[in-house]
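Each structure below appears as C-alpha cells.
Both complexes shown next keep chain A, but they swap its partner, so chain B is in the first and chain C is in the second.
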Partner chain A sequence: MSLLEVIGLRKNFGGIQAVRGFDIAIEERQIVCLIGPNGSGKTTIFNLITGLIPATAGRVIIDGRRDIIGRKPHAITAMGVARTFQNQRLFNHMTLLENVLVGCARSAKAGLASILLGLPGARAEKLQMIERARSLLALFGERLLPQADDLAGSLSYANRRRLEIARALATEPRLLLLDEPAAGMNPTESRELMTDILRVRDRGVAILLIEHDMTVVRGISDRVVALDYGVKIADGDFAEIRRHPKVIEAYLGRGTVDA
Partner chain B sequence: MADILAILPQQLVFGLSLGAVYGLIALGYTMVYGVLSMINFAHGEVFMVGAYIGWAVLTVLIGHAFGGLNPLWVLPVLLIPAMLLCGGLGVVIERVAYRPLYARGASRLGPLISAVGASIVLQNAVMLSQGARMKVYMTNLVFPADWRFNVLGVSISVLSIVIIVISLLLMWGLVTLIQRTALGRSIRAVAEDREMASVMGIDVGRVVSMTFFLGSALGGAAGVLIGLYYTQIDFMMGYAAGLKAFTAAVLGGIGNIKGAMMGGLLLGVIESLASTFINPAFKDVVTFAVLILALIFKPEGLFGEPLADREKI
Partner chain C sequence: MTERLTRYGPFLLALIALVAPLLAPNDYVIGVLARICLYALLALGLNIVVGFAGLLDLGFVAFFGIGSYVYAFLASPHFGLHLPFAAVMLVIIFTAAGSGVLIGAPTLRLRGDYLAIVTLGFGEITYICLVNLDRPVNITGGPNGLLSIDPPSFLGFVIDHNIEYYYLFLLTLGLVVLLSRRLRDSRIGWAWRAIREDEIAAEAMGVNTTMAKLQAFAVGASIAGFAGGLLASWQRSVFPDNFLLQESINILAMVILGGLGSVLGAILGAVAIVSLPEIFRDFALYRLLAFGLILILVMILRPQGLLAPRSGARRSAETK
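Entry: the complex of A and B
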C-alpha cells in the first residue's frame, strides 16, 4: 500500500488543460523527483495535492483509504502532507523560532484561558513546543539555530530555503513536497541541500520534489517522474529517465543531462 | 488664557480616557483588516451593542439593590457579559455577512457593502427592541460624583483613571496574546500569508473567527466604558464612535496593533485639546484635519511597520 496515490488527476484552467490525467504512487521513505519543462504542470500538481486549488477530476489517496480531494489545506496538512513553495514564503515578520512554531500549533492542546492564566500544563506544553522547534532548527547544524530569535526576513537566501524545510517539518509530515529547493543555490549549497534532504528522509519522511538541477536529481532520487504538458511521459530511475526518448524530446536536448 | 491653562491637565486626562477607548475600538478595525484586508464597518455597532448590554446588566443590578454597588465587582459583572456577547456577535456577523461573500470569491467591494448593511440591521434591531430614546447609565451609583482626587490642584475623577487603566490592561492582554500564544502566532501567520498559513496546518476560518471574537470583545468593553463615562447611550452612538476609532486605526497605521492603540490615544488628546484651545464645536474638524495631514505626509500611518506586509503573492 502506497503512502500517497494519485489517480487520474486533472485540472483545467478555463480551456487550458494544465494537468491531464496524472498518476503517481509514492512509498514510505521514498524520494521521488518530478521533472519537466516549465509549464508542464508540476507546481499545479503540488497545489492540487495540498488542496490549494480544487481538482477538476481525479483522486489523491493517503494510506490507501483516505481521499483528500475536496478537503481544506489545513486538513490535508493534518493528514501528514507538508510543502514548501518555489517563491519563498516565510513569515518575514516573525523570528525563525516563531516560523517553526506556527507549524507546531496544530498539536497544541492548551486552551486560550489556561494560556492566559499561565497554568502549569500550558506552560509545560509551550516549553515542549519550543524545544521541538529548536531541535528542528538544529537539523541544519549551526546554520539556523544561532539566529533563532532573529526575524526571518534577515536570513540569507540559502538559509531561507533551509528554514522553509524546517518549518514544513514542524507539521510532522509523512510526505514532504519541495518545490525547487535548489533553485538559486550555488553548487556547494546544493550539495549541502542534498545531504539535508537525505537526512529528512532518514527521519521517516517521504519526499516528492520538483527540481531542475540534474545533479541534485541524480544524487538523491529513488525514482524520477517526467512530465510534459500535464501528462506523465516517463517514470523510473534516473538512468532510465535520462535515456528516455520522450524525455529528451520534451527538453529538446537542452543540455539537461550533462552530468 | 490662565483659565485655559488651569483646566488643561483635566482636559488631558479627559483626552486620554477618551483616547484609550478609541484605541480599544480601533483594535477591532485593525485586527480584522490585518487578517482579511477589509474594513468591518459594522464594528461601531458592536460597540453600541456592548454599551446596551452593560446598561441592561447595570439596570438589573440596581433593581435588585445588592447592597452597595462596589466598582470592584460591578465592573467585571458589566464588562464580562458585554465582551463575551459582543465577541459572539462579531463571529456571527463575519459568518453571516462576510464569509459567504468571500467563499464565493467576491471582490473587496461586496463585503464592504455587506458591512454597511450589517450595521444598519444592528442599529434597527436595537432601536426596535430597546426603543429610539436614549438610555441612561446610573453611573453615580457605582462611581459617586464626588469620587475625585486632587493632583497639584487639579481635580480628576476616579472614573476617568479607571477607564484608562482598564483600557490599558485589555490592550496589554491583547498584545500578550498576539505576541506570545499559539493563537496569536496563527493570527499573525494568517495576516502575513493566509495560503501559506493554511498549508502549515492552520485552520484559517477558525483564526478569522477568533480575530472577530477578540476585536468585537474589546469593542463591547469600550461600549460599557463609554456608557459609564457619558452616562447616555442610544442606538446611533456606534456611528460617530466607529468613525473616530477607524480614524485612529488609520492614523496609527491600519493593520498595526500598536498603531491602533497609539492612534486612539493621540486622537483623544488632540480632540480634547482642540475643544479646550479652539472651540468644542470644531473638535471634529481638527480631528479629521489631522487625519488628512497624516495621510498626505505619512500614508502608511504614524507608527512602525504594519502587522504584515500587504503585498499579496
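Entry: the complex of A and C
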C-alpha cells in the first residue's frame, strides 16, 4: 500500500488544462523528483495535493483509504502532508523559533481558557513545543539555531529555504513536498541541501520534490517523474529518465544530457 | 539604554499609573486618566484583532456599545433588573464574544480592505439599531439612551468617585495586559501572527484559520464589551452617540500610533490620543489641528509606531 496515491488528477484554469490526468504513487521513505519544463504543471500538482486549490477531477489518497480531495489545507497537513513554497512564504516578522512553533502548534491541545489562566498544562505543553522547535532548528547544525531569536526576514536566501523545511517538519509530516528547494543556491549549498534532504528521509519522511538542478535530482532521487503540459511522460530512475526520448525532447533538449 | 527602557519601562509606567491620580490637580484630570485607561482597554482589544491577527476591523466600537447596553439592560430601572456587578460583567464577556463570532463568521473569507468595509458596515448597523430600537417596543431608549444605571459595587462597597473608577479601570487594564501577553506567546498567538504574515502559508502549516480568526474576533470583542460595561457603570447612562464611527477610528489610531501588535504600544497610543486634545485645550479652535499635526509627524518620524513589536531576542528569553 502506497503512502500517497494520486489518481487521474485534473485541473482546468478556464480553458487551460494545467494538469491532465496525473497519476503517481509514493511509498514510505521514498524520494521522488518531479521534473518538467516551466509551466508543465508541477507547482499546480503541489497546490492540488495540499488542498490550496480545488481539483477539477481526480483522487488523492493517503494510506490507501483516505481521500483528501476537497479537504481544507490544515486538515490535509494534519494527515501528514507538509510542504515548502517555491517563492518562500516565511512569516517574516516572526522569529525563526516562532516560525517553527507555528508548525509545532498543530498538535497542541491547550485551549483558550487554559492559556488565559496560564494553567500548568498549557505551560508545560508550550515548553515542550519550544524544545521541539529548537531541536528542529538544530537539524541544520549551526545554520539556524544560533539565530533562533532573530526575525525570519533577516535570513540569507539559503537559510530561508532551510527554515521552510524545518517549519514544514514541525507539523510531523510523513510526506514532505519541496518546491524547488535548491533554487538560487550555489553548488556548495546544493550539496549541503542534498545531505539535509537525505537526513530528513532517514527520519522516516517520504519526499516529493520539484527540482531543476540535475545534480540534485541525480544525487538524491529514488525515482524521477517527468511532466510536460500537465501529463506524465516518464517515470523511472534517473538513468532511465535521462535516456527517455520524450524527456530529452520535451525538457532537456537533444544531446545535452551530460549532467 | 533601550535595553533598560524595554525592561523597566512597563514597571515605570505601572508606577506612574498608580500614583498619577494622587498627584492630579483636580477631579477633571482624574476623569481624563480614567478615560485613558478605558480607551487603553479598547486599544488592547483591537490590538488582538488588527495587531496580532491582522484583521482590519473598522467597526470595533460596536462591541464597546454592545457591552454598554447589556450593562444598562441588566443594571438599571429600564427593565427593572439590578443584577450584581460581577454577574453583569460576566454576561457581557460572553455576549460580546458571541457577537464577535457572529460578526466574524461572515467575514472569514474577506481580507484587508474588503474586511474593513464590511466591519465598517457592522459598526454602522449597530449604531443605527441603538438609535432606532425604541419603537415598537422600547429596548434601547433610542437617541435619548438609558439613564440611572447602577454603579459598580462589591460586597456592599459602592464605587462612585472618579478616583475609585480609575483604580477599577487600571486593575482591569493590568489584567488585560497580562492576558494579551499570555495569548501573544501561546499557540493561539503564533497562529494569529502567522495568519497576519501569510494566510496561505499558515494554512499549509496546519493552522485552522477559521478557528483562529473567530478566536481573535471573540477575544477582541469581549475586551471591548467589558470596557463598554465599565463605561456604562461610570457614566451611569449610555447614549448611541458614545459609539460613533469616530470612536472606531480613534481606537485604530491608538493601535497604529503605538505600533501594530505591541501591547505596551497600544497603551501609549491610548495615552497620546486621549490626552493630546486635553493638553491642547488652550488652543481652542486650533486644538484638533495641533492634534492632527502631531499624529502626522509621529507617523512620518516613526512609521512603525511608537513601539514596534518587541524583537524576538527578548521574547524568547521570556518564554524559556
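Going forward, the second predicted complex is superposed on the first by the 255 of 259 C-alpha atoms of A that agree within 3 Å, B and C clash if a C-alpha of one lies under 4 Å from a C-alpha of the other, contacts with A are read in each partner's own complex, and residues count from 1 in each chain.
In the analysis below, contacts are C-beta pairs under 8 Å (C-beta built on N, C-alpha and C of every residue); 3 or more make two chains touch, one makes a residue touch a chain.
Bear in mind that the values here come from a model prediction, so they are computed numbers and not experimental data.
After alignment on the shared chain A, the placement of chain B and chain C results in a clash. By the document's definition of touching, neither partner reaches A:Thr195: not chain B, not chain C. In the overlay built on the shared chain, the residue A:Asn87 is in contact with chain B alone; chain C does not reach it. Once the two complexes are overlaid on the shared chain, A:Thr95 sits against chain C while remaining clear of chain B. A simple residue count on chain A separates chain B from chain C, and the partner touching more is C. When the two complexes are overlaid on their common chain A, residue A:Ile130 makes contact with chain C while staying clear of chain B. With both structures placed on the common chain, the touch criterion links A:Arg167 to chain B and to chain C.
Legend: residue contacts after superposition of the two complexes on their common chain; A:Leu151 is shown touching chain C, with no touch to chain B.
Of the two partner chains, both chain B and chain C are touched by A:Ala78. Within chain A, the residues touching chain B in one complex and chain C in the other are 50, 52, 72-74, 77-78, 82-83, 85, 89, 91-94, 98, 101-103, 105-106, 108, 112, 115-116, 129, 167-168, 170-171. Chain C makes touch with chain A in their complex at residues 179, 182-183, 185-188, 190-191, 193-194, 197-198, 200-209, 215, 219, 309, 311-313, 315-317, 319-320.
By the touch criterion given at the top, residues 50, 52, 72-74, 77-78, 82-83, 85, 87, 89, 91-94, 98, 101-106, 108, 112, 115-116, 129, 167-168, 170-171 of chain A touch chain B in their complex. Chain B makes touch with chain A in their complex at residues 173, 176-177, 181-183, 185-186, 188-189, 192-193, 195-204, 305, 307-309, 313. Only residues 50, 52, 72-74, 77-78, 82-83, 85, 89-98, 101-103, 105-106, 108, 110, 112, 115-116, 118, 122, 126, 129-130, 148-151, 167-168, 170-171 of chain A touch chain C when the two sit together in their complex.
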